[in-house]
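What follows is one structure encoded as C-alpha cells, with my remarks underneath.
Each chain gets a letter, A, B, C, D, E and F, in the order it is written, and its residues are counted from 1.
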Amino acid sequence: MFFHVKELQYRAKPDKPDPIYAKKLQEVLGGQFGEISVMMQYLFQGWNCRAEKKYRDMLLDIGTEEIAHVEMLATMIAQLLDKAPVEEQEQAAKDPIIASVMGGMNPQHAIVNGLGASPNDSAGYPWNARYTIASGNLLADFRANLNAESQGRLQVVRLYEMTDDKGVRDMLSFLIARDTMHQNQWLAAIAELEEKEGKVVPSTFNRQYEKSDVAYKFISCSEGTESQAGRWAKGPSIDGMGQFEYVENPVGTGQAPELEQAPGYIHGTPKNM
Amino acid sequence: MFFHVKELQYRAKPDKPDPIYAKKLQEVLGGQFGEISVMMQYLFQGWNCRAEKKYRDMLLDIGTEEIAHVEMLATMIAQLLDKAPVEEQEQAAKDPIIASVMGGMNPQHAIVNGLGASPNDSAGYPWNARYTIASGNLLADFRANLNAESQGRLQVVRLYEMTDDKGVRDMLSFLIARDTMHQNQWLAAIAELEEKEGKVVPSTFNRQYEKSDVAYKFISCSEGTESQAGRWAKGPSIDGMGQFEYVENPVGTGQAPELEQAPGYIHGTPKNM
Amino acid sequence: MFFHVKELQYRAKPDKPDPIYAKKLQEVLGGQFGEISVMMQYLFQGWNCRAEKKYRDMLLDIGTEEIAHVEMLATMIAQLLDKAPVEEQEQAAKDPIIASVMGGMNPQHAIVNGLGASPNDSAGYPWNARYTIASGNLLADFRANLNAESQGRLQVVRLYEMTDDKGVRDMLSFLIARDTMHQNQWLAAIAELEEKEGKVVPSTFNRQYEKSDVAYKFISCSEGTESQAGRWAKGPSIDGMGQFEYVENPVGTGQAPELEQAPGYIHGTPKNM
Amino acid sequence: MFFHVKELQYRAKPDKPDPIYAKKLQEVLGGQFGEISVMMQYLFQGWNCRAEKKYRDMLLDIGTEEIAHVEMLATMIAQLLDKAPVEEQEQAAKDPIIASVMGGMNPQHAIVNGLGASPNDSAGYPWNARYTIASGNLLADFRANLNAESQGRLQVVRLYEMTDDKGVRDMLSFLIARDTMHQNQWLAAIAELEEKEGKVVPSTFNRQYEKSDVAYKFISCSEGTESQAGRWAKGPSIDGMGQFEYVENPVGTGQAPELEQAPGYIHGTPKNM
Amino acid sequence: MFFHVKELQYRAKPDKPDPIYAKKLQEVLGGQFGEISVMMQYLFQGWNCRAEKKYRDMLLDIGTEEIAHVEMLATMIAQLLDKAPVEEQEQAAKDPIIASVMGGMNPQHAIVNGLGASPNDSAGYPWNARYTIASGNLLADFRANLNAESQGRLQVVRLYEMTDDKGVRDMLSFLIARDTMHQNQWLAAIAELEEKEGKVVPSTFNRQYEKSDVAYKFISCSEGTESQAGRWAKGPSIDGMGQFEYVENPVGTGQAPELEQAPGYIHGTPKNM
Amino acid sequence: MFFHVKELQYRAKPDKPDPIYAKKLQEVLGGQFGEISVMMQYLFQGWNCRAEKKYRDMLLDIGTEEIAHVEMLATMIAQLLDKAPVEEQEQAAKDPIIASVMGGMNPQHAIVNGLGASPNDSAGYPWNARYTIASGNLLADFRANLNAESQGRLQVVRLYEMTDDKGVRDMLSFLIARDTMHQNQWLAAIAELEEKEGKVVPSTFNRQYEKSDVAYKFISCSEGTESQAGRWAKGPSIDGMGQFEYVENPVGTGQAPELEQAPGYIHGTPKNM
C-alpha cells in the first residue's frame, strides 16, 4: 500500500514560463527512458519478485522514489506552461518570437491538458507499457535498469544544456545526482549477482545444449576488418569460459530454403505459377 | 550497401509443423527483444556512429548478422505453419486437440499472412521502432545492447523448454550460442569504454553541477530495511568516487506545490471554485 | 445502410488559409475526443445495442450526425491548408513569420496528404480504436458519452479562442452548440436510466457479494485532510444506500506478499540467491 | 513524495493457479479502464490541479489508493501463474484440458515475464498514456472519472462471474465495493460543481457566441422515429436553458464543398483531369 | 451530410453462435484491410479531393457503401457472440470443447464489449488511422485502393473457408462479390488515369531531374540470377520510356560515410575514444 | 545470410546542415511508405514465398537493395543534424530564425538520438510492423508493392521541392529514379501474373459461390450522379467477365437487425429497460 506527503522530494520551480521547453522536458517524464518508465519498471519487478527479500524491498524502495520524480517533473512542466500565449491576439502573432512559441509548443498542452503536464514524450507520443521490462530474471532486469539510468541521465544532461533557467537547472541537477546513484546501485547489484551466477544470462541453461563452436566467435559480416581492433575479437572471453575468435569470411551453413506450397484453402500463389 | 546469399546462416527446419508454437516463436522474431530489434538497433547505432571506426565497423558486422537471424526465424515459422488446419472440417473440429490448435494459433497467420511469418510478437502486437535504442553515446548504448542480448537469450532458452521438436531445438541452440557470444562481446566493449570514461554515463557532464549530496544515498521510500542488506547500501560506490549511504527515513525537501490559475481562454476550473 | 448528400450539415469555409491552425484543429477531428471518436462510439453502441429500440435508433441518429461533423472538419482543414508555403524559396525562408509557418505546420499535411486532412490528432498521432467505448451497459456508456461531449466542447472552445478567422469561428460556434445539445441529451438519457436502475453501475450485481464495509469510505492515502471538506466525505451517499465516512489513517489489511519460486524451466532468479 | 508499506490494502491470494484467468484479469490491471488508468488519471489531475486545495488533496488521496490496487492485481496475477505448465511434456500435451491451457494462456506471461504480471490488457495490448484524461477542467474530468469507475466496476463484475475461485472472488468483492464508493464520490463531486457552474462544460464560454438555434435540437439522421420516445427529444433541456425539439427531416445547410487545385509543387491530381 | 436506414445492405445472420469465429471475423472489420479501413480511406480521399467532380462523387459513393459493410459485420459478430459461455460453470469447464472455446475466444468480447463487436482486428489490436491512405494524387491512391480490395477479398475468402455456417457464408459471398466489383472499379479508374498521365506516379515531376541511368536497371543484390527470368529484367519498360537492364554485380558508388564529431553539449562518445 | 560493404549505394551528403529538413526527411525513412517499410515488406514476402524461385530471388534482390536505401537516408539525416543549435545561448534564442529552428526541429533528434537518425516518421511517430504487407498471394502483394512505390515516389518528389540543397537533391534524384524502376518492375510482374490468373484476386475462389448479381454493379450511395461519368459505371468489366451497371437508387435488402438480450452474467442493459 502507498502513502503520499505534500512536499515534493526536491523543489521544482522554474524562474519563468517556457512552453517550448515544457514540450522538450516531457521526454524525461513520458519518454522511453523517462521517469514513468523507471517507476513502472521497478514497481513491476518488485511485485513480480520471487527471489530473496532484499531484492523486492530494494525494488519497491526505488520504484516508490520514482513516483516522486514523476511528480516533480509534472509540477515543473505545469509551471513552465503558466500563461502560455495560445490565445489569438493579432499583435502577438506578428512578433516572430511569439509566433515561433505559438508554432513550436505542443498544441495538446493547451487544447487537451489546459496547461498541464501529460504522460507523453517530447514528440507527443504517449508512454506505453512495452517500455516496462520485468522478466523474472534479476540479472537480466538489472542490466535493463542500468541501461535505463544511463539513457535517462544522458537525456537529462542534454536537457540541462538546453536551458539557462536557474530553477529548472536546479531541479535537473538533483535528478542527475539521483541517476548517478542509481547507476552505481545497479552496478553494485549486478556485481553481486554476476559473482554468484556468472556473466551469461540465464546461468541455469545447460551449456552442453548450445552450439558451443559458435559461442565465442566474432563473425564479420561486413567488409573490412576495423572491427578486429576491439577487445571483443581476441583474448579470453569475459565469462572466462572461452577464447574470442575473429571470423573474417563467414559462410552460411544452413539450407537455401524452399517452402512447400500452401493448401488450397489458403489461396496463395501456387508453386508452379 | 548490402548483399544476400541464399544459404541461411544456420539450418532452420522443424521436424513437424506446430502452429501454436509458431505463434510463440514470433516473440523472438518481432518482440521487444526479438531479432528485428537487435538488427535495427545495431544498424542504426552503426549508421549514426560518430566515434572511432572500429565501433562503426563492429556495429555493422553484428547488425548485418542479425538480419540473417531474422531470416532464419521467419523461415522456421513459415515451416511450422505448413498445412495448418484452419479450414473448417466438421470432423476435425470435434477432436479436442485439433480444436485447441484452431483456437490457440494466431488467426492472422492464416488470414493475413497465408501461413507466413509476420513481424509481430507472440501476442500479435506489431514490432515498433520505439524498441530501437541509438543515443550517440556508445557506453549507454552498449549497456542497452547487453540488456537486449540478456533478455533475448533468456527468452530463447524459455522457448527451447517449450518444445521437444529436434529441428527447432537445433536452431535455437545456435541462437543461444550466438547470444552467449554477444553478451560477451558487449561486456568486452563496455569494459573498454568504462576504463577510459569511468562508470557513470555520460562521463562528460561536469560533476560540480550535480547535487553531490544525494549522489550516493540509497533512499528507502518503503517500510522495512531488508534493502539495507545489499551491496548498494554500504561501502564505496562502484564508480570509486563516493560512499554508499542508507537513508532510512527520508523527507521531502521541496515545496508543497501550488499552481497559479490558468488564463481565462483556457476555460479551466477557476481557483476559487 | 447509409446515404450521403452533397451539402455539409453546416458551412465550413475559412476566411484565409492557416496551416498551423490546421494542425491544431486536427485535435477535434482525430484526437481522443474528436469527431471520429464520437462517430465510432455512437455507431458501435448502436450496432451492439441489445436494449429497447429507442436507444438503438437514438444512437444511430447521433452517430450518423457525427459522420457529418467529421466531414465538416475535414473540409475545413483542407481549405486551411490551401497553398501552404512548403516549397523551398530562398526569400520566403528568410522571412521569420513564413519560416515559423514552415517549421510549425505538420509536415505530413504536405508530404503525406498533399494538403488534405488526416485522421490524426494535433500532435500527429493517429486515431485508434481504443478510444471507442461500447460496453453493452447503456448507463455506463452514456456516462462515457457525456464525458466525450464535455471534453469535446472544452477543446472546441479552446480552439475558438486560438483563432480570429470569422469563417472558422462560425463553424466552431455550430459545433459548440451541438455539443451543448449532446451534453443535454446524455444527461437526459442518464437521468432516465438512473431512475430505473439506481446510480451504481452495473445495477444487477448482487450487493451482498461486495465487501460492504468499504463501499462508502473515503480513504485518505495522502497527508493532510483538505479532502475532508468535500461533499464526498460526509453525509448520505449519492446512491442513497449508505453514509460517506472519512478514514484519515488507513492501514493495509492484506498480506505482505511472498511469491513462490518459479519452476526451473522459467530460468528466473532462484529464491535463495 | 510517496511511501510504501509492505501490507497490501486487502488480501490477494487465489485458491489455486489458473493461467487463463490470469490473462483475463489483466484487463482490469492494464486495460483502458484498469487500475493503471485510474491511478495515472487521478495523479495527473491532482498534479495539474489549479483549483481549490480540497480537489488536489482528494485527487492525490484516491490516486495513491489506486497504486495499491495495481499492486494487489499484480500480486494476484503472479500467483495465478504459479507453476504454469508451459514446459513441453509429451504426456501433458495430449491431455486436452492441459493442451487448451497451454494454447489459451498469454504466451508472454511465460516467455517475457517469467510468470509475472505485465502492464497489458487481456488481449496482450500494452497500456498507453492516451487513456489518461486530465483537461484542467474538473467538471469535465470528474465525468471522465465517473465513466472510468462505471466501466471499471462493470468489468470487475464480469470477471467475478468468470471464476469460482474463492480467493479471487474475495479480492474482487473488495475492488467492487471500492468502485461503488468511487462512483458515489464522483457523483458527489460532480453535483457540487454543477450547482456552482451549471450543467454544460465549460461554463465559462460566452453562450452568445454559439449558434443557439441548434443548441437544443435532436436531429434525427436516421429513418424512423423510435428515438422520439426518449426524454432527450421533448420537454425542458436538462440545463434549464432551452426546450428539446425533435427534427425529423433535417437538411444540410452548408455548401457542397469544392476545393481549389493544389499548387504544382504538391504533385496532386490536377483539377481538369 | 449522411443518413441512415434501418435495413442492412444485405442480410447478416449466422445459423448459430461461434465466439471463436467471431474473433477471427474481426480481421475484416477492424484489421488493416478491413471495412473500417476502406470506409475511412474512401471518405477521406473524397473529402480531400481537389480533382474533377466525378472522382469526389464516386469516392463518397463507395465510402458510404463501406459504412454499410462495417454495419453488417458488426451485426454479424454480435450475433456470433450470442450467449457465449464465459460464465464459470464447473461442469462446462471440464468439457474440452467448451474449455477450448473459453480459452480461444477474445476475452475482451465479454469483459469489455459485453458480447458486442469492437473495432479491432483478429489479434485484438485496435484499428488505427495510419491504415488510411489519402495522398491527394488519385493515381497513387487508386493503386492503394486496388491493393486494399485485393487483400480484403483474399482475407474474406480465407474466412469463408474457415466456417461452414450457412448464414455466415451467405453474407461473405455478398462481400466477396462487392470486392470483385471494387477491384474492377479501381482497375477501370486506374486505366483511365494512366492513359492521361502515363504509368509513373507522379507524372508531373520533371524527368530530367532524376538520375536517368538507374531508372530502368534491375539491380541484383542477392546471389544467383533466378530473378533474371522475369519480365522485369528485360525488354521495354512498362512505361514505354526505357529498356529493362539486369545488373548482376552492382557496386556501391557512394562514399564510405564518416560522420563529424557531435558538439560537446550532446555528450556523445568523442571521436578519438 | 547477408553481407555489408562500406560504400553507400549512392552518395549521401548535404551541402549544409538543416535540422528542420532532417525532421521532414524522416518521413521517407520511417514513415508508412518509407524505405524501412519496403525493406521489410520485400524481405518478408521473399522469406514467406512458396511460389516459383524467380519470385523469391527477385524479392530478396530488391529487399536487400532497400536496406541500402535505409542506410543512405540515415546517413543523410545524421549529417543534416550536424551541430544543430540545441544548446541554450541567450543571443541565439533572440534571433527569430534560430528560434524557429530550435522550435521547429524534432527535439528527440537531440535528446534521444544525439543528432542521429531514428526509425520514425516526420511527425515523430515510430515505424511499426503493421505497415508490412505479406499475404502469400503474390498478385495481391505486388499491388501493395506498386502502391508503396507510387506513394513513396510521390513523397520523395514533394521533399525534393522543399529544399534547394544540391547534395540532398542529388541523392533524392537517385531515389526517385529507383522508384521509377520499381514502379515499372511491379507493373511488369503484375502483368505477368494477371495474364495467368486473371484480374481478380484471389483467382482460385470458385466464382459460383459469390453473389454474382452484385459483382459488377456500381452502387451510388450518395446523392447526384456525377459518378456515372467514369469508366467504372458502364461498359464491360475490366476482368472481361461482366458488364458494369450503375444503380442510382439502391435499397437495403437485409434485415433491420434486432439483437437478443445478453445473458445475466454479462450485466448489460436488459431488453425491457
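Keep in mind that, in the parts below, a contact is a pair of C-beta atoms (placed from the backbone, for glycine too) under 8 Å apart; a residue touches a chain by one contact, two chains touch by 3 or more.
Not measured: the values here are computed from a predicted model.
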Repeat of interface A-E, chosen from D-F, C-E or B-D - more than half of residue-number contact pairs shared: D-F
Longest centre-to-centre distance from chain D, chain (CA-based): F
Interface sides of chain C and chain D: same vs different residues, half threshold: same
Most distant chain from chain C, judged by the mean position of its C-alpha atoms: B
Distance between chain centroids, defined by C-alpha means - chain E, chain F (Å): 11
Approximate Å spacing (C-alpha centroids) for the pair chain B, chain F: 27
Per-residue multi-chain contacts in chain D, two or more chains: 1-9, 32, 47-48, 50, 53, 55, 60-61, 64-65, 68, 75, 78, 86-87, 96, 100, 103-104, 110, 112, 114-115, 120, 123-126, 128, 130, 135-137, 139, 154, 157-158, 161-162, 202, 205, 221-222, 224, 250-252, 254, 257, 259-260, 262, 265-268
Pairwise touch network: line, ring, star, complete, or other: complete
In the complex, chain B residues that touch chain F: 1-5, 7-9, 30, 36, 40, 43-44, 47-48, 50, 60-61, 63-65, 67-68, 70-71, 74-75, 78, 112-120, 126-130, 132, 134-137
Complex interface listing, chain B residues touching chain C: 154, 157-158, 161-162, 265-267
Chain D to chain B touching residues, read off their complex: 1-6, 47-53, 55, 86-88, 90, 94, 96, 99-100, 102-104, 106-108, 110-112, 114, 120, 123-126, 135-139, 193, 196-197, 202, 204-205
Touching residues (chain side chain E, partner chain B) in the complex: 20, 23-24, 27, 31-32, 96-97, 100-101, 103-105, 121-125, 154-155, 158-159, 161-164, 221-224, 250-252, 254, 257-262, 264, 266-273
In the complex, chain D residues that touch chain C: 5-13, 32, 53-58, 60-62, 64-65, 68, 72, 75, 78-79, 82-83, 86-87, 110, 114-115, 125, 128, 130-131, 133, 135, 137, 139-140, 143-144, 146-147, 150-151, 153-154, 157, 160, 169, 173-174, 176-178, 180-181, 183-189, 191-192, 199-202, 205, 209-222, 224-232, 237-239, 242, 244, 250-257, 259-260, 262-263, 265-268
